[in-house]
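One structure coming up, written as structure tokens, with questions to follow.
When the chains are written out, they are named A, B and C in that same order, and each has its own residue count from 1.
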Amino acid sequence: MIKTRNLLLASAAILLAATVSAQAAPTCENGPIQIGAVSTVTGVVDFSDAPRATQAVFQQLNDAGGINGCKVEFTIADDKGDPQVAAQAARDLIDNKGVVALAGGASLLDCAVNAATYDRNDVLAVQGVGVDPLCFNAPSVAPVNVGPYTLTTAVLDYATKDLGAKKLCTFFSIIGGTQEAYAAAVARWEKISGNTITLSDMTLPLQGDLTPYLVKARDAGCDAVLTNQVEPGVVQWIKTADAQKITGINWLFLAPGYTEGVSKALADSKQPIYVGTEWEPYTEATEANADWAKTMETAGLAKTAFSQGGYMAAKVLIDTISGIEGEVTRETVTAALKEGKELTYPLAGNAYSFGDAKAHSPMQATKIMQLVDGKWSVKTKDWFVLPAAE
Amino acid sequence: MDSLFTAAVAGLSAGGAYAILGVCAIFTYRLVAVVNFTGAAIGAAGTFAMVALFELGMPLLPAVLFGVAAGALAGLAIGLVMTTWFTGSNASTKAAVTAALLVGIIAVGLRLTGGQHPHYFPEIIPGSAFRLAGVEVTWAAVTTLVLSVAFTLLTEQFLARTRTGLQLRALSQRPMAAELIGIRVRLLALGVWAVTGGVTAFALMIIAPLRSPDFASLSLLVVPALAAALIGAFSSFRAALIGGVMIGLIEGGVSAIGPVSQYRGAVPFLVILAVLLWSQRGARWDEAR
Amino acid sequence: MKHASFRAAATTALLLAVLGALIFFLLPKYWVFLVTAVFIVGIALQSLGLVTGRTGMISLCQMSFAGVGAWVTGYLNLIGAPGGLAVWMLIGGLAAVPVGIAIGLPALRLRGINLAIVTLGFAAAFDTVLATITFPGQTTFTQVVRPEAFDSDKGYFLFVLLTYGVIAVVLEFVSRSRLGAAWLAVRHSERAAAANGISIPRAKLSAFAISAFISGISGGLLAGYLGTLVSENFSMMQSLALFAVATMAGAHFALGAIAGGMMIVLFPELLRRLNLPQDVGNVFFALGAVQALSTGETIAETWMRLARKLRPTRAVEAATAAGSLPDKTSHPAGIALEVRDLTVRYGTVTALDKVNLKVPAGTVVGLVGPNGAGKSTLVDAIAGFLYRYDGSILLNGSPLEAISATSRSKLGIRRTWQTTRIAPELRVGEYIRLAAGPISESELESLLAWFGCPGPETLISTVDVGTRRLLDVAGAVASRAPVILLDEPAAGVSYDEALKLGERIAAIPETFGSAVLLIEHDMDLVRRACSAITVFDFGRVIAAGAPAAVLDMPVVQKAYMGVEFEEAAE
């Protein structure tokens, strides 16, 4: 009896909280709200599309008067793909800029280097594009993208269900710490589908000739091959397949393969090429993309997949801060994110929530694209959603 | 065993590339006495110039020619640095200079070529030549092999038979003396740099579509290249040629052996180590010191 | 000497303590965090400076050694090994040592450039290996635990500073020891080092081993600093950038290591504040290194030179004899050195043709002949610097064939070179000890005074060529070897000095007990110093005997016609 009453009380409290947050009034007595992002801008890769989109959204917000009058000041810190610089950048944002949260970052190694720093300082990161495995395996980070690991499972699942693949093979190039994550992703697919992988190669070189690997795939009789190659590698992979005159294999790639550069570079290829997206396909002018596309056009930014991540991360932060009653500080923002309220956006296939778990991988839905005559076209009209992770 | 052979054949195109880069490394060492760590980076500069022009709509042939010219120019630039400030330096210092320059060139190159965003690399020599052990051997691979053989033979003949070749040899051994007998040392040295730049650029253009074509990874092809050059003890073009191809084949072969294939990047290193330990059995005293 | 190294070490320790206190009490938390990295990088730079700057071997894989240390530290942390970070990083450092030695092995017989390729190859290979191994604890979100007393940012700064201090002080001692002098000697001239009885393999391997150890420790410190690491921390590009910075800053100096660390850590900070792209840093490092290489002067050296300019210059002090020289060493009587039918061919050219020569114990024998007569080839053959020759060379009656240059030097054949090959970074006392082994302070002082050399604390780079020639001879003599080969010791020396040198050389047998084979063009010096002369021409002995008689022989006069006539006629 007492139990029931407590439960009732608790639900009442939650209801109350919900109503309060509906008309919440965040305040900012100590100047603009500070938000930052550690991203790889120079060096081996340029991921700046994501944080620049975040910046554009905040700019739009500020131009419209801010959140309850509170403006957002957003800092992009470049980490050069260098761990030392990344650590410095994070400390600069936390200690000197006094950020309340991080949002929209896209980096080769920000999570791996800084997740512990964020954790120790009780600041949370809504990663725009989570890349390294720690982005999906840390209490302090919850990316708005599906990520290569979940996507691996999803694309493999799609290949079994929709392409009727019987002999699936995977080739991964492993960089620090991703081996376990990819192995887990493949294991999850095996569990979901009840199939076993025909060939799982974790030795793809980051650079170098791919011919031996394609020959290996052909000789193993694979009918669908998934690799985690990033942009230039995707092109190299298909070109090598063409050079070896390999046919009859469906080539599956993850989101990094879904770019206009790839479609242009492989316009001549007749190979069946599929990719899984992180969000609503950015090359499509759909209703779901409308607001994002408008924001990018206004800001004069390129419409890339990364910018969708940056855009969505900014939205998550704005919606979270809007629900805060009182002063917006690191403590209140962290608390609000940890509440784990579900936030839904048309850009993504399922709701985003941060929450208080030990690891976060909130996004579980993808759409599959196929490259046809140098153009990406949608293969799945509806979202391809993975069953909830255990 | 069969799959091993297949994989080894698959390493052929890489081997051709290593061979030509190795031969170029010896070319620079023998003629201007520099162990050049920027060799592949110079070639990468030319390759990306070609790609940029091609993307701007220039037809393939002139783009390639301009690219080779750009490679030659890049080589010339390094040559200017070396001949202006380091003519009298010892081999170690010169090597240190190129190693340091490599750091800067990669940074600049990555910036100018936009990180890992893929460029459309036109296949200069498309198609496959023949099928061997179930692997299509591409024309690109054949061409790099032929090119390296041709370059090797030409260079050998040039050095042995022509007057300029003789002068060049004098130049590398005794630059001061060469100057005294009226050889235009600097001009010749710069010529050598330009030729290496052009040749490397062309070689990289051929193989770039089959490699991960970002500036940094093309530049780091210098590691197997120098390994090949070491096999030739920095003097024998033929040994370097064979060495380069061997490294490619071994790399390819290793990728077929499950548990170790992950570490095939270590092949050049192990080859270097083995070759050095074998070839330098006797005590040697540094001539210069 | 002992005092000097204590003083230098104490100065380093004191400076670091003051610097540390200033940083600890004055800087805000964020800057303390940054400066911690400066010192960690500084340790890595010192390790590189030891191999490359001090020993002259280009190492392009220094961060790979650090990676070994870091990974081992991470593993020990994960399994909860006892002892905490201080012990873990020491074990990490030790784990890097075998790797360093393995890389150093090909360096034993290799010239610097080949080594550069080996190390770059290793860095590339290590990249591929490290990339596949997750940092221990990363998948379980386990951080490397800092020592309890030093857990905070400021605390960890103290821990790093302490480590840096210990390493800097120890390195100060080592670099002033005979081992440290041997490294410099190897860098300057391997042959000269071998001629002083230094084992080149031991010098090179010890440099690599100690360097790898220090680098491994820096990796362990980095693990504690960042909590978890990624393979990019230790990639080939990091090693290359470290090399560029070390070259620019002069990492073999404590000052240069800190300056380099500041560049690597603070440059990104500066760029961030100026809103400049981060990759500018690497371009700057590359250009700086090229600049330093072209001027031959690192940043640390420039600063030290400027600082020296500010200080009043002290005149070079001559050594004053503290006591008398010890008694002469007694060597076996009889023929100290004998050359039998020595033939050396370079291809088709015969440089030495069945040469016979005897140097009796306790005498000075002169060897004269025109340029190109094969005199220096003979010295090379005796001292063990030729791969092959026919005939035999005997020291006190026992043959020396198949014995290396280093071992011959240890057995008792010392030589000097036509041009001085003393590393200019050494001090006078350090050089003599390098050549002679551990000799007492008073013996050193009186030896220097006997030769009229400057005091033991004088830097070689500050003394003139004539004095360096004297030091060449003094070093060989101080070793008290039974046989000393002097190759044109008076070349480049003024006439007055040459006379003085002649007297000294003549007095060597009775003062020190060594026999001397003297090669010289200066006939006055030869007459003054030698008790017998052998004359060479075209690789053959054309005359031998007492100086006056031999020099008057027509065949000798003829051999000297033209090239050396004036000198012979003087």
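In this text, contacts are C-beta pairs under 8 Å (C-beta built on N, C-alpha and C of every residue); 3 or more make two chains touch, one makes a residue touch a chain.
Keep in mind that what you see is a predicted model, and the values were worked out from it rather than measured.
Student: Let me check something: if the centre of a chain is the mean of its CA atoms, which chain is farthest from subunit B?
Tutor: Result for the farthest chain: A.
Student: What chain sits nearest the middle when you go by CA atom centres?
Tutor: Looking at where each chain's C-alpha mean falls, the closest to the middle is B.
Student: Calculate how many whole Å lie between the centre of subunit A and the centre of subunit C, each centre taken as the average of the chain's C-alpha atoms.
Tutor: The computed centroid separation for subunit A versus subunit C comes out at 54 Å.
Student: So how far apart, in whole Å, are subunit B and subunit C when each is placed at the average of its C-alpha atoms?
Tutor: It comes to 34 Å between the two C-alpha centres.
Student: At what distance in angstrom does the C-alpha mean of subunit B lie from that of subunit A?
Tutor: Roughly 39 Å, centre to centre.
Student: Touching at least two other chains at once: which residues of subunit A meet that condition?
Tutor: Residues 42-43, 174, 202, 205-206 of subunit A touch two or more partner chains.
Student: Quick one: which residues in subunit C touch 2 or more of the other chains?
Tutor: In subunit C, residues 128, 132, 277, 279, 281 touch at least two other chains, as defined above.
Student: Touching two or more other chains, which residues of subunit B qualify?
Tutor: 110-111, 216, 220, 262, 264-265
Student: In the complex formed with subunit A, which residues of subunit C make contact?
Tutor: Touch list, subunit C to subunit A: 28-30, 33-34, 37, 41, 128, 130-135, 138-139, 141, 143, 226-233, 238, 264-265, 268-269, 272, 277-279, 281.
Student: Which stretch or stretches of subunit B touch subunit C in the complex?
Tutor: 35, 37, 81, 85-86, 89, 91-93, 95-97, 99-108, 110-111, 216, 220, 222-223, 226-227, 229-230, 262-266, 268-270, 272-273, 276-277, 280-286, 289
Student: How about subunit A: which of its residues touch subunit B in the complex?
Tutor: Those in contact with subunit B are residues 42-46, 174, 201-203, 205-213, 215-216, 219, 230-236, 239-240, 243-245, 259, 261-262, 264-265.
Student: Touching subunit A in the complex: which residues of subunit B?
Tutor: Per the touch definition, subunit B meets subunit A at residues 3, 6-7, 10-11, 13-14, 110-111, 114-121, 123, 128, 134-136, 138, 140, 209-214, 216-217, 220, 248, 251-252, 255-256, 261-262, 264-265.
Student: Within the complex, which stretch of subunit C touches subunit B?
Tutor: Residues in contact with subunit B: 56, 58, 60, 105-106, 109-114, 116-118, 120-122, 124-125, 127-129, 132, 188-192, 236-237, 240-241, 243-244, 247, 277, 279-283, 285-287, 289-290, 293-294, 385, 387, 404.
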